[in-house]
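Below you'll find the structure I mean.
Labels A, B, C and D are assigned to the chains in the order they are written; within every chain, residues are numbered from 1.
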Amino acid sequence: MLIEASCLLDFTCDSRVPSIFMLRPKSGVGQFVVREDLRTTPYLSMTEFADNYGNLCQRIVLPIGTFQVESRVVADCADEIDVDYNAWWVPIEYLPDYILHFLLPSRYCESDKLGNMAMEISLGKKPGYEQVESIRQWINSHIRYEYGTTNSSTSALDIVTSGVGVCRDFAHLGISLCRALDIPARMVTGYLYGLKPMDLHAWFEAYIGGRWYCFDATQTEPKGKRIQMAYGRDAADVAFATHFGNVYLNNMIVKVEECTDLS
Amino acid sequence: MLIEASCLLDFTCDSRVPSIFMLRPKSGVGQFVVREDLRTTPYLSMTEFADNYGNLCQRIVLPIGTFQVESRVVADCADEIDVDYNAWWVPIEYLPDYILHFLLPSRYCESDKLGNMAMEISLGKKPGYEQVESIRQWINSHIRYEYGTTNSSTSALDIVTSGVGVCRDFAHLGISLCRALDIPARMVTGYLYGLKPMDLHAWFEAYIGGRWYCFDATQTEPKGKRIQMAYGRDAADVAFATHFGNVYLNNMIVKVEECTDLS
Amino acid sequence: MLIEASCLLDFTCDSRVPSIFMLRPKSGVGQFVVREDLRTTPYLSMTEFADNYGNLCQRIVLPIGTFQVESRVVADCADEIDVDYNAWWVPIEYLPDYILHFLLPSRYCESDKLGNMAMEISLGKKPGYEQVESIRQWINSHIRYEYGTTNSSTSALDIVTSGVGVCRDFAHLGISLCRALDIPARMVTGYLYGLKPMDLHAWFEAYIGGRWYCFDATQTEPKGKRIQMAYGRDAADVAFATHFGNVYLNNMIVKVEECTDLS
Amino acid sequence: MLIEASCLLDFTCDSRVPSIFMLRPKSGVGQFVVREDLRTTPYLSMTEFADNYGNLCQRIVLPIGTFQVESRVVADCADEIDVDYNAWWVPIEYLPDYILHFLLPSRYCESDKLGNMAMEISLGKKPGYEQVESIRQWINSHIRYEYGTTNSSTSALDIVTSGVGVCRDFAHLGISLCRALDIPARMVTGYLYGLKPMDLHAWFEAYIGGRWYCFDATQTEPKGKRIQMAYGRDAADVAFATHFGNVYLNNMIVKVEECTDLS
């Protein structure tokens, strides 16, 4: 399905603030990027570089005063995400070199502290997809989704304690529990068609059966129609916006709609 | 200046042909990519990856029959390219590690065979920008530009012999002569506003004074208003299209215009 | 000074345990690696790959029973580390792309939570080397070094609370406080000649004045004669040994001596 | 088998010559590097970096006068190289992204000009290992090995014409013919036990059946006991020594022996 997603970010800064955005997706499995727009008001140019994971990052110094960034994407997205209960766990010795670091703990994913919890949740499950799916379901049914309960410092461990979080936190917990079972896992940021309420979204992927599979603990069932914006170890790697200074986000408008006319 | 560039490629294949395109630029120094479009007819999706140089590459298998790819870019481009006769030659021991391989010969740039020629051309010039500019001028005045005289196997050495070539060959020769003087040089593919006749274009950059400078041996004087699509060692790295099989290019339409309305 | 350093690790495993070692250093600034040895008993081979930071990583599956790895390095090391109170803070917009992610929080370095503390400690200091040195001195005088007080899950924030830690923790805190001031910082693992008691060591580097400078909060004054083994964001990236399973470290013998005979 | 290989290079320079060596191998499939030594006389330190392929490169500026580099390696090497006539050709659309550029022509491997020759040689062979083996045999029986007949500018095409070359040229031709058949191929430099006369050696690898296989056109049959030093597209990427200036190689002593005592 052809989807048009857009994100308008409206900031105010009291001083010049160097920032990094990750608002330009690549085509990939289940996603063909047909069109992208990136606009700034007042007009300011950005430069780009590809990070260690191949994500495009936009560098800019936000000016004093108000500033808007608008990113638009039109992409052909898979209607369904792949589900395969037979996708097996890959023994660590057979993982490709570049996958290994997705096993390690990271800023928001203290997998080193969640071993027991991961084993309890996935008890009796077949190594691989079944384990990850049991984790996803556990989070979906045990962690309460509530906007505004967490912030940019909240980690997986924090929401185990608090029992509440948002999509980013759900993803961090899913990633942490997978890594605790020696399953490589990574964070994805992007858009999900039909998300309610609409917002920028985040979920996770697990490397099983020799490839990455998508899991979203905020949803009750597998849902496609996603646009992947960036991949990384956790939110420290793939934040939509990283600011080095104080920035007030006055407003954010996210839209994800079916695209019927490309002209 | 805001420039809209587009390239329509029309192919016919007798068999399925795996292909790699490099039709999606990044923002960078002197270039802010505001919008990109990539369309295929009949509709086929592509996947993307970032190569060793951070260029986005599009993978696709061209189908049997006719096939069109259309890439559109709107970018804010520097009106002028930087010119600095004081940009000095960087001694090799001070070059950053990742710059070093731009000193080595590559498929179309036999710098190892052009040492004497490079020294003669640049005789008496100050190491650095002056040397490169003397190379650029020499090529511009000694090699005849003529469309259709060379092909995808033509190298820098070939056009030294033949004395004739197109933009890609001019760039290869410029790169080769720079490397022969121990000046790192790389190929750039992209668009140039006002190019006559309009076509996909290629030029080269030299690393002097601690940064890359743009040189275009097809032009009589420095000209800005360029959109950079990809960077690499030579055309083997950065061809707009690489086909692994027989492909007939029926038509190619390139447009580069001032963009006055972005809506 | 020519230094010979060795590390003998003696393990027992109840099951096969995939492991990654980082025991093979590269030559670099202030360090020329003359000889390296890597032995295993019983004999088992390893494979190697270069990670995102160019560190060599050794992959192996530890066998059931006892297993020893011995790494030996002979390197010519700088007698002194560079000290430059004039090394200035580099504004974020001028940092090279690949340096940027050393500004972000990571598993053991919650820089996002230590902004106030970093500002208090460095109050009145000149941006750059002076700030980092004030951080180093603060840690050295306020955190008590005590072996066995922390473990592989201990983070910078933890030792702010506990006030006690080992070299790895001191480095994590130094890194976190630097990043909180928008100074890129990274972890280094290696050997330090004359360390008492002798052990594997860790310290940190800050990127100021356009290059990396060495800081070691466990020492009262700058000391050279170091062998750098690996660089990364924190201990998650550069652990000497990462085990995916239960491993008992029976014994570890570290020696760092002047090398007078290379034969 | 445990092999000790060493290479002593004796140079004279009239001026300071920046140089890059590739004399420090990594452990990998069929190779565990137990010990490495790198010595310079007069003593000069080198710095190292990992290139795009993960090879360690040593940077140094050779001094005026005579200079020696000695590299020693002790490695446990596979006695046999893998041979598998069933290793299939991998269709290009299924190749991993990072393998793709081993399909492209490079400085010494004009695969774009050798399509017909490759097809004739491999006529009737099963796509994959059989094709590559037919290429290897053809080169072995049709190109004459003669020391001193070629130089650092000689390419695959050159020895098709001349019919004579050394190991490096044999490898280049093998690589070119493979790529002409859409089989990824890369150059390997290293040591071969029992080579007569003993020398630094080069061969090639082809990516078939989902992994790299070793082929050596200078030998009449598959032979193991090799130490791989570096991998790349061709000799421009993986020369043992790359000099940016005039260097006289006075002497080179290469030894490859069974190692019976590691002490």
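Methods note: contacts are C-beta pairs under 8 Å (C-beta built on N, C-alpha and C of every residue); 3 or more make two chains touch, one makes a residue touch a chain.
Just so we're clear, the structure is a prediction, and the values are computed from it rather than from any experiment.
*Asks:* Chains shared as neighbours by chain A and chain C?
*Replies:* Where chain A and chain C might share a partner, there is none at all.
*Asks:* Which chain has its C-alpha centroid farthest away from the centroid of chain A?
*Replies:* Centre of mass proxy via C-alpha means gives D as farthest from chain A.
*Asks:* Please work out the Cα centroid separation of chain B and chain D, and write it as a whole number of Å.
*Replies:* About 30 Å separates the centre of chain B from that of chain D.
*Asks:* Once you find the CA centre of chain A and the CA centre of chain D, what distance in Å lies between them?
*Replies:* The separation of the two C-alpha centroids amounts to 42 Å.
*Asks:* Could you please state the distance in Å, as a whole number, between where the Cα atoms of chain A are centred and where those of chain B are centred?
*Replies:* 35
*Asks:* So which bits of chain C are touching at least two other chains?
*Replies:* 49
*Asks:* Would you please name all pairs of chains that touch?
*Replies:* In this structure, the chains touch in these pairs: A-B, A-C, B-D, C-D.
*Asks:* Can you name the residues of chain C that touch chain A in the complex?
*Replies:* The contact residues of chain C facing chain A are 18, 20, 49, 51-52, 57, 59, 61, 91-93, 97, 100-101, 103-107, 109-110, 112-113, 152-153, 182, 236-237, 242, 244.
*Asks:* Touching chain A in the complex: which residues of chain B?
*Replies:* Those in contact with chain A are residues 26-29, 31-39, 43, 45-50, 54, 56, 58, 76, 262.
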